[in-house]
Structure formats: C-alpha cells, structure tokens
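Both complexes below contain chain A, partnered by chain B and then by chain C.
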Partner chain A sequence: MRSFMKKLYYDVKKCLGCKSCELACSLAHSLTQDIFKAIKEEKKSLPRKKVHSSKGNNYPVSCRHCKEPKCVDACMAAALYRDDQKDMVVYDQERCVGCWMCVMSCPYGAIRPNILTKLAIRCDKCQDKDEPACVKACPTGAIIWCEEAEVKV
Partner chain B sequence: MKQFVIIGNSAAGLSAVEAIRSRDKDSKIIVLSDEEHPSYCRCLISYYLAGDVKKEKILYRPESFYKDNNIELILNKKVTRVDPKKNRIVCQDKSAFDYDSLLIATGASPKFPDTKGIKKTGVFGFRTLKNTMDIDGLLAVTKSACVLGGGLVGLKVAYALKKRGVDVKVIVRSNQVLSQILDPEAAGLVKKKLEDNGIEVVLGEGVSEIIGEEKEIKAVKLDSGKAIGASLVIVGKGVSPNIDLVKNTDIKTGMGIISGNTLATNIENIYTAGDCAESFDLTLGKLAVNALWPVAVEQGKVAGSNMAGEKIQYDGSVAMNSLEFFGLPTVSLGIYNLKDLQGYLELKTYDRGANVYKKVVLQNNLLVGAVLVGNINSSGLFLKLIRERIDVSTLRDKLLEDNFGYPDIMDLVKDKEKLYV
Partner chain C sequence: MSDAKQKSVDVASQQMIEQAEAQNIKIVWDRYDTMQPQCGFGQLGICCRICNMGPCRIDPFGEGPQKGVCGASADTIVARNLLRMIATGAAAHSDHGRDIAEALLLAAEGKAHDYGVNNPVRLREIATLYGIKLDGKKDLEIAGEVALKALSEFGQQEGELRFISRAPKKTQDLWRKLGVTPRGIDREIVECMHRTHMGVDNDYKNIIMHGLRTALSDGWGGSMIATELSDILFGAPNPIKSKVNLGVLKENYVNVVVHGHEPTLSDVVVQAAEDAELIKLAKKNGAEGINIVGMCCTANEMLMRHGIHSAGNFLQQELAILTGSVELMMVDVQCIMPALAELANCFHTELITTSPKAKFPGVTHIGFDEKRAMEISKTIIKRAVENFKNRRKERVVIPQETMDLVAGFTAEDIPYIIGGKYRSTWKPVNEGIISGRLRGVAGVVGCNNPNVRHDFGHTEMVKELIKNDVLVVVTGCSAIANAKMGLLKPEAALKFAGNGLREICEAVGIPPVLHVGSCVDNSRILIACSKIVEEGGLGESLSDLPVAGAAPEWMSEKAISIGFYFVASGVFTVFGTPQPVLGSQKVTDFITKDLENIVGGKFAFEVDPIKAAHLMIAHIDKKRQGLKLKPMMYQNG
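Here is the complex of A and B:
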C-alpha cells in the first residue's frame, strides 16, 4: 500500500518550467488516458497543477492539502472534507454544485473552476496510482514525492 | 460536567459544535433549532428547488452526526429569551435550559417590505428548506412568478424557477442587480447573462402592491403603474439578524449581537457567531454583519474553540461572495464599489472579447477589495492579501495579470512553507 504520509515538494533550482507536469496531470485525469484521444474529449481534462514563474524561478502550484483547509470551511455543499488518516483534503464530486467558494478561499490559488464540468480542479495526489503522475513526468526530478522528514533542503 | 447550549443548527452553530467536540469529548452539548430539519446546506436550497441537487445531498452532515458526537439536538424549538443573570434560556413553549456556556447563532430572517398585499398567501421569503418545499408544492400550478429584489438570493431563486419552467421576472429597485456585492460594470455582465438565458430583469422599479385575493395572487403592481401577472411572489430583499431573544437584556446589540475579538459578547460566557453577529470587518475597519456561509463557519469555529477553553483571537471578517450564473463565475471581496468613498484607488481591466472583468481596490497600498467576473483564478490570493493586510505596492502591476500566482505573493505572506526547496 502506498504511504499516506508522502507529500509533493519542489526543487525550484531544477524546475525548467517545461509544464510536463501539467500535461501529465491532465492526461492522468482524462477519461481516455490516451493523449491523442484526451485532447478531443468534449469536456477536456484540465491540469490540477500550474507552473507559475516569478523573479526568474518556476514554481509548480497545486493543492497543499492544508491541515486547516480554508476550502473545507467555505464549502457550502459539504463536498470538501479533510481525511486526517489519508492526510489530505478529499473532494466528493457528487455533492459539488460549482459555486466556487473553494476557489475564492484557497490562499494558494491552487483551485480553479472547470466551467464546463462545474467541478473544482484540484490535486488529488493521484489516489489510484502508485505515485502522482507529475512526479513521473518531470524530466529533471524537480518534483519530489516523499515524507516530510525526508526533505533535503 | 459543563453544559454547552448552542442556539442555531446551521453553519455557525455546527462548526462551533465540532470545534467544542474536537477538544472536549464529555461535556453535554445541547443544540436548539427552530427548524424542523437537521442541519442542511442552506445555500443549496435554490439548487434543490431547481432540481440540480437531490434531497439526500442537501444534509450538511450525515443523519448520524448528532448521535455519533453525543449531541442532543432539539428541533422545532424557538428560543425567545436569554437570561444572562440566571444563565438560562427560555423557549416559546415556556421550556427552559440552563447553560455554563452559550452560543447565540440564531442566524437571520428575510426582510419583508410593508408593501400592500405582502401578507397574501403565495408570497414567500426564501431562506429555509420549509420555504423551499412550500414553493416546490406550488410549482405544478405556477406559470409565472415575480422575484422582488436583485440580490444573490433573488437571482438564485429566479434561476431555479426558470429551470422549473416558470416564467420569471426579477423586479429590482436599484439601477443594477447585486448592488450589495458588485459594482455597476460587473453587475451589467451578470444581468446580461441572466437575460440571455431567459430571466427578465426590471431595474429601477419598486413594487407598490401585490394584487389578488387573500389566497390567490394575480399580479404585482409596479410604482410606474404597470402590472405584471404572477401567481407566486418571492421576496429577496435581504435579511436581518435574529436578535429579538436578547432585547432588553445586558447583551449589547447594534445591527446584530456585538462580539469582541474572541467572539464573546459583552457577557463572558455568552458567544455569538454567524448571521446574527456583528463583528469587526477587516476591510471596513469597523463593526459589521457579514451574513455569509464561510464567515459563519469561521466564526463558529473560533467561538466554539474559545468556549472549550482556547484563547483564539478572531482577526475579523471580510465580505466574500462567489456566484455563478450560466457559466459566468463571479467573485466579490471586501470593498467593491467606491461610490463616494475617498482615499481609495481602483485598478481595472475589461476584456470585452473574453467577457473578463477584473478590479482591485487599494487603500494606502493595502488591498481592501476586488471584483472578478469571467476569470476568478486570482480570487483566493486576493483574499489572502486582504486578510493579512499585506503591502501590495510591489505587486501593483501584476495583480490583474492572468498569470498572477502564489509565487508572486509567497515572500510577503505570514506563514512560510517548506514546499519549495
């Protein structure tokens, strides 16, 4: 079983801003899981991670799965909740009405609205895979998937 | 054993209950509600009326929540008086409860203007699940409806009625929709979206009379003399805090029940949170009632924690609204319209082709407000900048850019992460 304690960290010096992580994320969350078919899906899969540039560096930004998540407090449909055992914020899409309160309250700007599906786009740490797709896709090893104690600064 | 009494079973009350229980597993908690349903997603009643949300999804917590957390829930119980001297509350049916620590989270009720005919059957407020079910029961025989008021509740109920096949007109006294949360430019974009989708909006018109029999409405008469046929009228003229239960007590009130920075009232063991509470507003710099779901949840959490012995300071609330009609997302934060306010600076962009309007309001290099239509991706960052009262002078040129992102503010915010190594 995969460790629930692992988190995503980023070595900013290694990030080229190539957006391979964005592409891999979109693909991993597409219906067809095939890049040539995925771009033709009616409601296109959008990346849960976005690379932002600031002062010459590149920073992949996605959900932090906060300990005290503002998005959960703001969710008026009780679609978002924190699962302490999995150490993540879980999203019940069936309950979501697309009010975007979570978008408005995320202090990291890590949630975006998908207007077509009326669903919030946010990182689910690729729950159904052995490790997140962005980690595998990063060509420079800038995305680090490890437990907090293992992070090397 | 300590006894907590919580008046109100919605956002503020429940989040307080959860905050208390996470710290104190044993004390007795009694929750009183004047409604007949366990806690539900109040903001979803329009989606429920529209048919977008099924009944089993409207509950805010599972039915077993109260039992699982050892909470005594008493429904259909209206509290009419608080007696701070005796540490006791008294209900409409004369029953009484003693408390060691009390939370007043009674919420708010729809305001009804004193328009002639407003008491007729077929005129509804839109606040509760009961309102929703009563209206739902009439829709099979309703062809046309009028919504009085162009606020968020009015527009949401108009959307629901339209979705259910009712011909609906929204009558708005002011010259724009959503005048309490949007500037005229943003409101114009929302109004156009509504009209493009078959919801007619009449601006700058008051209603002088609701015409018809006591039990059967025929039409709504406007100030201009024109009559609009309707058999159903929904009033969306805002809400007023439910504070009658503390009238003539030592508990201080203004527009709502006044809370200090721990969310206690002026009486040490009585707290208040949510739509009935008047608390410090961060952008206005003074007391205000921000009757909003996320504000109620955050206030309930602070109040509940402090009732359970913590000493958490509440920084204050920020007006925050997020809405979407027919694929047009819109967010409003803090000060949204300068009107005759002095000493503020507005920065705006409007991309007509993309239907994207963005505005930020600055005061002495602090961000104090924002309005976003069509692209709301920066809204969470703006809220963070507003809450932490961060000097944004170095960000001025970036704020409205599409690629504005967290890395632009990460060196300025209080909490430093160890995510980027």
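Here is the complex of A and C:
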C-alpha cells in the first residue's frame, strides 16, 4: 500500500515548462488511459495541474491539500472535506453542485471549473496509482514525491 | 515471462539482454524504459519548433492553446512535421544513392581502381533507360555516362526523374495529373524545407501532397539509383545461402562487424579480409582467421552479393559488442546508435567511423575514400587483427543461435527462378494470383523499435500472411528478423505457408518469404510490381494489384519516406505504432482514408501484427474482387 504521508513538492528551478505533467495528468484521469484515444473521448479529461510562469520561473500548480483548506470551508454542499488519515482534501463529486466557491476561495488558484461537466478539476494525487502521474512524467525531476521529513531545502 | 523475453522474441538477443543486465550495462531497452512516459505532444505531432516565436504546442485535450503563436493549427503543425520527416528520410536514401553514383563515376574515370563494372547487362539496361547510345562503347565508358546522368537527376530542376518511366503508364499519368511527379531529387527535398519554413505552406493537404512527390523522388529516384548502380558496381545479387544471428561471431576468429548502409566500403572490406598477409597476421596473433559479419543494411548488401553472414538487425548492434568477441566495428551512415561509442569503451572493441557525414566524439575516424578503398579497408582490418590480443576470453559470451537462409532475390532474377532460363517471365506469379493459388504479394519492411517486442511484429505478421497464401517480400531489418525465425529457408513453406503458396514454393524451390535486399532495395519491390502489371491480367496501374505493404516495427524517418512512396504508388501500407499525426484528425483522415481516392494507396496504423496482417489480407481481397479474380483455391487457417 502506498504511503499516505507523501506529498507533492516542486523544485521550480528545474521546471522547463514543457507541460509534460499536464498531459500526463489528463491521460491518467482519462477513461482509455491511451494518449491516442484519450484525446478523442467525448468528455475530455482536463489536467488537474497547470504550469504557470512568473518572472522567469515556471510553477507547476495543483491542489496542495492544505491542513486548513479554504475550499472545504467554502463548500456549501460538503462535497469537499479533509481526510486527515490520508492527509488530503477529498472531493465527493456526487455532492458537488457546481457553485465554484472552491475555485474562488483557493489561495493558490489550484482548482479550476470544468464548465462542461460542472465539476471542479483538482488534484487527487492519483489515488489509484503507486505515485502521481505528473511525478513520473516530469523529465527533469522538478516534481518531487516524498514525505515532509525528506524535503531538502 | 522473463524481462528479456518481453523485450525480444529472438533467443540470442534474450541471452545478451540478460548478459547486459548481469554486467549492469545499460542498453537500448533500458534507455527506452527511462524515457517513459514519452512526451505526448511529440507522439501526437503537435509540437512546433520551427520559429523563434515558439516553441508552440497545441493542447490535444482542447482546453489550452489551439493555435501556435503564428496562428498555425494542429493540422498545419502535424503536416509540416510529417513533411520534414519525409524530407529527412528521402534525403538519407537519396544521398546514399548519390554516393554510389559518385563511386561509379570515379570507377569509370579510372580514379577508383578497386571498383569496376560487375554487371554489364544491367549497365546497358540502365544506360538505355537514360537514352545513352551504346554502340561500340566499352563498359567503363557507358558507366561514366550513366553515373553522370544519375548525378544530374539530383540537381535536375524541371521535367521528370527518368525512372518514373518504369512505372505503369496509368500510374505515371495519375501522378502527372496530380502534380506529384518528382522533378529533381534535391529540389523536392529543398522544397520541403522551404514549404515548412515559418509562414509558407499552411494547407495540410497541399503540404502532404508535396510529401508524396518527395517520397516518390526517393523510391523512384534516389533509392532506385542506389539499387541499380550498386548492382552495376558490385554485381546483381542471386539466390545465395548464408547464416544469420549473433552465433555467426566466431570464438577463435578476429571478428569484424560492418555496420551501416552503403556497400561501397563493405564490398571492398569483404575482399580485403581474404588478403593472405592479413590472415597470416591474424594467425600470428593467435586467431584462426578473420571473420567479417554484417549488421543492419550493410549486412543485407554483403549477404545478398557475397553470402557474408549477418550478425543481426538494428536492435542487436549493442548486443554484438556485448558478446565481448568483436575486435572492431566499423560504421558508415544511418541507424548507428550513438550509444555504441560508450559501450565499446566497456570492451576491447574498437569502433571506427568511416564517413565524413557521421563522426562520433572520441571515436577513431578513418575517412573512407573511394580512390584508396582497398588500402583503407586493409588498414581497418589490420587494426582489428592487432586488437585480437586484447580480447578478454573470460568476458566472451557468444550465443549459439544461427539460422540458415536464402537471400538475394531481385526483380530481375525472380522471373528466371520461377520461369527458367528459356521462359523467364513473371507469368507464373500472375497466373498464381489469377487462379487463386496465390492471394497476392506483401512487402514487409522497416526497422526495429523497442516500442514493439523485437522481431515479434515482423515475424508474426509474416507467418500470418504466408499462412493465408500471400507471398511475402522482405528488406532491411525485417528481412533479418524473418531470417532468424527460419522463414527465409525453402523448408519454411512446408511448415508455415498456406496450401496454395506451398505448392508454388515447392514447384520452383523458393522460400515463401523472399529477401530482396536492404532498405534502398525497396525500389526492387516497385519494379517487381510494375513488371507484374506489365505481364498482364492484373489491372493497368499499381493500385489495381492485390498487394500491400507494412512496417510493423518502424522507427526511422526513412521508414516514413518508404511508406509514403508506397502509398503514392497506390499501395495500402500498415505501420505498427502510429506516425506522429494523431494530434490532427484531419491529417490522420487524409492519410488513412482520403488518399485512397486520390492515389489508390493509404495508411493504416495497427500495432498488433496479426490484426495488421488481416487488414492487408482484407485489402488484397478487395483488390482481387475489383479485378474479378477467381475465389481462393484453398481455405487455410
């Protein structure tokens, strides 16, 4: 079983902005899991991670699974809640009413609205995989998957 | 299944893959694994690096940018990238052809004494095609004129390439009507680069139609010149027995692997290795003799003409060095992995580059010069002989596997073989097809690629085709793959072929799978198809024929160019893994559907070799129906 203690960290100096993480994320959350087929799915899988650029640096941005999540506070349908055991913010799609309060309240801009499906697009740390797809896809090692104690500054 | 078995179906390769693992040496499959996941933008062909406003990428999931900075759509970007791949492939084949033509010219001028005319019959045929008057002229005189004519086709600006006239008239007329008849070899390639420069050709259809023209300048131009002029210089191949696979490396011999593509150097190396002085020196150094073996298409060239053993195909180049038994590997151009330099450093193997077009940092370069071919060949072999003493016996692991094969079939000798000297004609093939004994003919060609299990794509597809009475012709790495599997032995017909094909193979004593040469020798298949049309009864253009092509393990841009000249010639062609076009639905539809209504041929992408074989069989059956041929004589399967 995979460790629930691991988190996503970033070495932004290594990020070249290639967007491989975005593509891998879309693919990992697609129905077909095949790039050649996934791009033709009716409801396309949109990336839960986006690379933003600012002042010469690139920042892969996705949900940070905050200890005190603003999105959970803002969610009127209780579709978002924090699972302390898994150390992550969990999203119950069934309950979501598409009010986009989570999108507005996230201080990192890490949640995006999927207008087509009326669902929030946010990182689930690839629960069904041994590690998030973006980590595997990053060609430079800018995306790091480790426990808090292992982080080297 | 063990890891090595997943990587290759070839037992010798499996053994060497395990050796690499045991010695902690990283080889192509390891590098492929490290590269996963590979970039989706690249796989889909929607990354554009053509100008400095970019690089640009189209978001294939539709949310992000759908246009590049210049406004180019996914369709334009995919088509431009594809055209550049065709241009590179055509350039590689054609530049090979140019080198052969230059060697022929030097020989004719008396400046390259190690070469001469070894096939006066073909020389005269080609000279006649070029409109050269033959009366009273000597071979070398004619050879000089042929070489100049051939060389002039590279820089020709207007008109048509001469060998276009060898295609059936109806096919030629269609090309003219569509404006895809190549004018000059270099011109079409240069125009690819111009059209794909920032802000030139944006219409994906227009871009791809020029790709067809460029590819035709390869198949009916550069490649065909390479084949014909090689046959003139080095002699036409005839059926010849040989052996294949890593087991051809010999434990007590000085092993020299000749790897690459052009026969100019390798053909002389074969003679140089018979030099008494060098053999004496080898014996003095403790070896029993000198063993020249081939790798990749150089192997095919030497195998076809001299029966020189082939050590293997593209994915076996590192494995040969890993045996610890290779004194020297000499390389020229194309398909030579940069990884060889570092790998050779782990062993006593000396890597020698010979082409001014292909040097490796830190690797000894002995520049090849046609004027001193024998002298250079001997220098290189001498280095190998002297390196024998550095071989570490405890590191030598040579797989036992070898396989017998028959190679050396050409568009010229097949009629002799099937018809006999006095009625040498394609009639038996045409009649075989018309009567339903033979379903049709398939060309299975192309590379290896670690994204397909090594040799699996080639051999499974070919077995399925011959089981269904399809006569198969093979070239390049596909030929070597099928040879290793024993499919190039006449006995293979008894074991694998359908009843109809087996009857023909037994009657004339040929294997069910014919080795027709190296990758430039795919031009032989075009000529064979044209001759079959000419023979009659199977339609008037190449696209009428019940034939199909495939590149099940393709890797190189040359394969794309080959694919496009077959499609442009009217042949349905299946690639294993898709070409990098799926990022544009329009381009994908154009080359996998619409082209059939334009040129008669089209592409399909199918990585499962059995399914791919059945796509080919279905196409052949469709063509048989179109020609109103009899139903198949036997129901196999």
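The rule is simple: the second predicted complex is superposed on the first by the 153 of 153 C-alpha atoms of A that agree within 3 Å, B and C clash if a C-alpha of one lies under 4 Å from a C-alpha of the other, contacts with A are read in each partner's own complex, and residues count from 1 in each chain.
In this section, a residue touches a chain if its C-beta (ideal position, glycine included) is under 8 Å from a C-beta of that chain, and two chains touch if they have at least 3 such contacts.
Note that this is a predicted model, so its numbers are computed, not measured.
With the two structures aligned on chain A, chain B fits next to chain C without clashing.
Of the two partner chains, chain C is the only one touched by A:19; chain B is not. Comparing chain B with chain C, the partner in contact with more residues of chain A is B. Applying the stated contact rule after C-alpha superposition, one finds that A:9 touches chain B and leaves chain C untouched.
Once the two complexes are laid over each other on the shared chain, residue contacts for A:140 go to neither chain B nor chain C. After overlaying the two complexes on the shared chain, residue contacts for A:104 are found with chain B alone; chain C is out of touch. By the touch criterion stated above, A:57 is placed in contact with chain B alone, chain C being left untouched.
In the superposition on chain A, contact of A:32 is made with neither chain B nor chain C. Once chain A of one complex is fitted onto chain A of the other, the partner contacts of A:93 are absent, as it touches neither chain B nor chain C. When the two complexes are overlaid on their common chain A, residue A:47 makes contact with chain C while staying clear of chain B.
Following the chain A superposition, chain B and chain C show a smallest Cα-Cα distance of 11 angstrom. In the superposition on chain A, no chain A position is in contact with chain B in one complex as well as with chain C in the other. Within the complex, the chain C residues that touch chain A are 36-37, 39-41, 43-44, 57, 60-64, 578, 582-583, 585.
Interface of chain A with chain B (complex): residues 8-12, 50, 52-55, 57, 59, 61, 64, 70, 73-74, 76-78, 94-95, 97-101, 103-113, 115, 144, 151-153.
Of all residues in chain A, those touching chain C in their complex are 18-20, 22-24, 26-27, 35-36, 38-40, 44-47, 133, 136-137, 139.
Every residue of chain B that touches chain A in the complex is listed here, in rising order: 11, 15, 41-44, 47, 52-53, 57, 60-61, 293-294, 297-298, 301, 320, 322-324, 327, 329, 331, 333, 376-381, 383-384, 403-408, 410, 413, 417-421.
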